[in-house]
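Pasting the structures here.
In what follows, chain A forms one complex with chain B and a second complex with chain C.
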Partner chain A sequence: MRWGLEDVGVSRGRKVALAGVTVPVDPSRITVVVGGDGAGKSTCLQVLAGLLEPDAGTAHRPAKERIGYVPATAGLYADLTVQENLDFTADAYRLSGGERDRKAGQILEQTGLGGARGRLGGQLSGGMQRKLAVGLALLHSPELLILDEPTTGVDPVSRADLWRLVSRAAVDGAAITVTTTYVNEAARAACVVLLEAGKVAASGSPEDILHSVPGVLGTVRGAERPTPLSWRRGASWRVWAPAGRLPDGVQPVPPDFEDAVVAAALASELGR
Partner chain B sequence: MDTLAEASKATRSFGAFTAVSAADLAVGRGEVAGLLGANGAGKTTLIRLLLGLLRPTGGTVRLFGSPPSIATRRRVGYVPQTLGLYTGLTVAENWSFTAAAFGTTGAPVPDSISAWKNELVAGLPLGAQRQVAFAVALSHRPELLVLDEPTSGVGPLGSARLWEEIRQAVSLGAGVLVTTHNMEEAEQCDRLVVMAAGKVVAAGTTAGIIGDRKAAEIHCDDTGRAFAVLDANGFAVQMQGKALRIAGTATAAAGLLSRAGIDATIETVPANLEEAFVAIARNPEAA
Partner chain C sequence: MWAMVVKEFRELRRDRRTMAMMIVLPVVLLVVFGYAANFKVRDIPVTVVGPGAREAASALREPTFHVTEVDTAAGEPAARARLRDGQAVAAVVTGGARPLVLLDGTQLFSAETAESALAKMAPAAGSPAAEVRILYNPMLTTSWVMVPGLAGLILVFIGTLITSLGVVRERQSGTLEQLAVMPFRAWDIIAGKIAPYLVVAAADLVLIIVIGMGVFHVPFAGNVAVFALGAALFLLVTLGMGVLISTVSQNQGQAIQLAFMIILPQVLLSGLIFPVASMAAGVQWISYVLPLTYFIEISRGVMLKAMPVSALWEPLGLLALLAVVVLGLAIIRFRRDLAPGSRHAQAQPGAEELAAV
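Up next, the complex of A and B:
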């Protein structure tokens, strides 16, 4: 791996925030870190961005000015207009001349914010704010782009625009890591790291994770939870038998990526 | 079907702006209906109409067969995206406050949340707060449960557990209306209703909404160039692992790529719900 975290541990007082976490992030690739609130996603990104010193392990990152980082709750100045946000960011990275105008124009076009240059950042819709924040982080063409939950709470239309923006940065060569709580977003990644309670519950390509579920999976309907290793999928249950034997009446089904992620999270929880 | 909540040609205008326009929506006992729409599509206004928090300026809204009122409100459980808990009170205090408001005092704090009984809600992780909000909303055994983005911010395992509780309420006879931006969550629903620009533009099962929409998966060595060519020609290209994915059939993309001299394998596959939704939201007239 070129950039990323290697066997990183972070403690906060007595609480272990991350333990033995490896997150590979490579040029032209998107690594998605998926997990719930409190799993350690933001802590991973803070360590990668150099904002938090790990207690163990190593963070591999380029020089600070070659990183673009968008935290979960900000990434733009609410009291500045879209144009002022762009100007301020360009000044901060000492961009000038043709390159500056070219990149700023490109970002306005790609984010669809060209018509909103005079609007205050804080008055944009949630989706537009996230697009602007990601756009600002891309202004200086970073080698490593770090995005903390850019799509949480964003509607699917703006989410598609954001992923287009991120995909374009990846094909232009940036190494990108994105955190999300949406499993279907993880399926887009070249590399997925599933975090549960500060530990890696699964990691690899979506195909690797899909094929890493031991045993068999089945489906059955009914009101009662069929086995402890069961979860809801619509009106049916998924029943997971890691040892390979499903209870009577349970129809085997091939797991999909979402099943694989839930199974890995469950296995990680049982192992704790 | 035993209809719990029903909007017929429901319309709500605010001055010259029509937030909801002639919308039809029904939620029956024993089912989970999902309400999808981009921001500003009118979902929240429609829910406020159904709950009686707003009056329609046209059409009708009925809750348990009558116009929404304080009496019908007793039979509804509502979990807003902001959860609606008192964060300065403990879990047990939230429980007893809600019980008192609904006149159902006396029931003990349920097992699912009793571990945090004496903790302040503000100090709990988001996943735990969501479980508490659910338990509280279900405490008066509502017949209709309205959930706004129920698993937002919750991980895969936490979501699976919350859905177990939703389905538990359904198997006891409740009807559920869920709004969500999360397409995995939408697929958990029995039936979906899609809104755009204040109107209901599609309704049916996940498979029905997707219909025969297609997507194309593109595998090639020079992903970067292929992306640039498709992107420049207006395709909303997405990375899909090491491949690319676009809405629509393989034909258009194949022509563009071959003219650009890019050797690619293109496979037409069924669209997923997210792709279908984005297509509908971008062009609601065609839906």
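Up next, the complex of A and C:
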């Protein structure tokens, strides 16, 4: 592991926010931290970015100058134009004249914001704001890119654009960690960490997580929830049987990644 | 409607700061300002000089006058110096054809009280009536005394309220979190945040003084550099208070509440409206920790009395001390907000070298 969290614990008063969480973040790879609201995703990133001191464990990160960070609020200056936001970030990271123009031009082209240079940050759509925020975090070619739910509340087209930006940064060598509540986005990652109530419910490549589901999975149609360990998938129910025995009438199906993540979260819940 | 009332009470109960402002603050303000709101001056420090100083001092029968110094060797220049340096509000100069009473016109209420007390005193049989001369503000014009103080009040407003709002806005919009991850030191952020307000406030100060001189004919008798030094120190304190407020406020509403709690006592207890000397002893102590008290002393002293820096070292020094304490606290708290420390973190500066290779 080049960067990331190692066995990190964070408490807020009596509440345990993170317990023994390890998140590996390596160059040219995307690590996705996935989990529901309140699972501890943002806390993980705050520890990794150096905004929060862990009570236990270690955060491995490069020097501040080599980190790019986008908080859940996007962290844009609403009263500055797109160009002024770029200028401020370039000044903050002391990018020289030629380098800053080249990188700013590249970011504007990749984000599709070239025509919005003069628009105020606050006047951009949600998707454009997110793209600009990620672009600003990439301006100084960081070694570690930390993105807190960059796609939440963003339309599908903008989400695809954002993932294109992030993937390109990984190709260029950045170590990237992204939090998301969208399970399908986690499938793109080299490494997935599934958080459930501040603990790691599953961790590894999407294939590892897919193959780590204990028991069997089935599908059944109907209006009523068949068992407590079942969830909706389209018009039918997925039924998970950790002991390996499905109820009568439930047809076995091979789990996909989304099923595997839900089953892992349920398994973690059962273990508590 | 009932649902709204219940909801509002529930929200209010959880907003402890607003509750404190609504219940505790009025009580505190009533008690404090009840003791502070007093235009009557009961104790006017008087210096008596000249060959007949002892007789003149004993003739000052009015209890309002409090003779602090009797100097038979000194003359009118010494008496004027005492008034200019704020050591006395009234000075009696003997040795001439008739006694001369000098009054400090910048101490509006004290001078008015002294004037009427002197009018009540009948001269001793056979001795001539005293000549009364009011210095620095001969017509006892209220605006001459108010404008230098109002300049300070406006600086408090910009420095404390506007600065705190500016910093809290960063916190609310999430950009403060972003700044904390950028390669800035806490001091870079504070200095960068307050520099524009410092410039605007300085421009505002010049504007107020120019308008005061042009419209209200307030004189500027003293040294501009001394005034600028006092204003700069005072601005640092107010800007520091603004940053300090922002470190304990989560939103702009809280910042406004806190700024209000800091600005209001300065309006009423700094000597801007009520003379500090007329306040109850306990309340006077509060006024001694308020930066506006010292700025008013400096601005009135320089503008109206041409006080030199040597006579103002005390308020200047105290403002400098307040600036160090307030800005120091603001930096410590702000740094804690930005960087929680790295006891368990391994930031690796060597990474740059590796990346460069």
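Keep in mind that, in the parts below, the second predicted complex is superposed on the first by the 272 of 272 C-alpha atoms of A that agree within 3 Å, B and C clash if a C-alpha of one lies under 4 Å from a C-alpha of the other, contacts with A are read in each partner's own complex, and residues count from 1 in each chain.
Note that a residue touches a chain if its C-beta (ideal position, glycine included) is under 8 Å from a C-beta of that chain, and two chains touch if they have at least 3 such contacts.
Given the structure is predicted, the values throughout are model-derived calculations rather than measurements.
With the C-alpha superposition on chain A as described, chain C and chain B fit side by side in the combined arrangement. When the two complexes are overlaid on their common chain A, residue A:Asp26 makes contact with neither chain B nor chain C.
In the superposition on chain A, A:Asp256 contacts neither chain B nor chain C. Shared-chain residue A:Gly35: touches chain B; no touch with chain C. Vectors from the Cα centre of chain A to those of chain B and chain C enclose 100° in the overlay, to the nearest 10. Of the two partner chains placed by the overlay, only chain C lies in contact with A:Ala56; chain B stays clear of it.
By the document's definition of touching, of the two partners only chain B reaches A:Gly234; chain C does not.
Using the contact criterion defined above for the overlaid structures, shared-chain residue A:Glu84 touches neither chain B nor chain C, since it reaches no partner. Applying the stated contact rule after C-alpha superposition, one finds that A:Thr181 touches chain B and leaves chain C untouched.
Of the two partner chains placed around the shared chain by superposition, chain B is the only one that A:Ala160 touches, whereas chain C remains out of contact.
Once the two complexes are overlaid on the shared chain, A:Tyr93 sits against chain C while remaining clear of chain B.
The partner of chain A that touches more of its residues, comparing chain B with chain C, is B. Fitting both structures onto chain A leaves chain B and chain C with a minimum C-alpha separation of 5 Å.
Considering their complex, residues 28, 30, 34-39, 125-127, 152-161, 163-164, 166-168, 170-173, 181-184, 187-190, 194, 196, 205-207, 223, 225, 231-235, 258, 261-262, 265-266, 269 of chain A touch chain B. Residue ranges on chain C touching chain A, taken from their complex, read 173-175, 177-178, 180-184, 339-349, 351-352, 355. Chain B contributes residues 36-40, 125-127, 149, 151-161, 163-164, 166-168, 171, 181-184, 187-190, 223-224, 227-228, 231, 236-242, 244, 272, 274, 277-278, 281-282 to its touches with chain A in the complex. Of all residues in chain A, only 8, 47, 49-67, 69-78, 89, 92-93, 143, 146 touch chain C in the complex they form.
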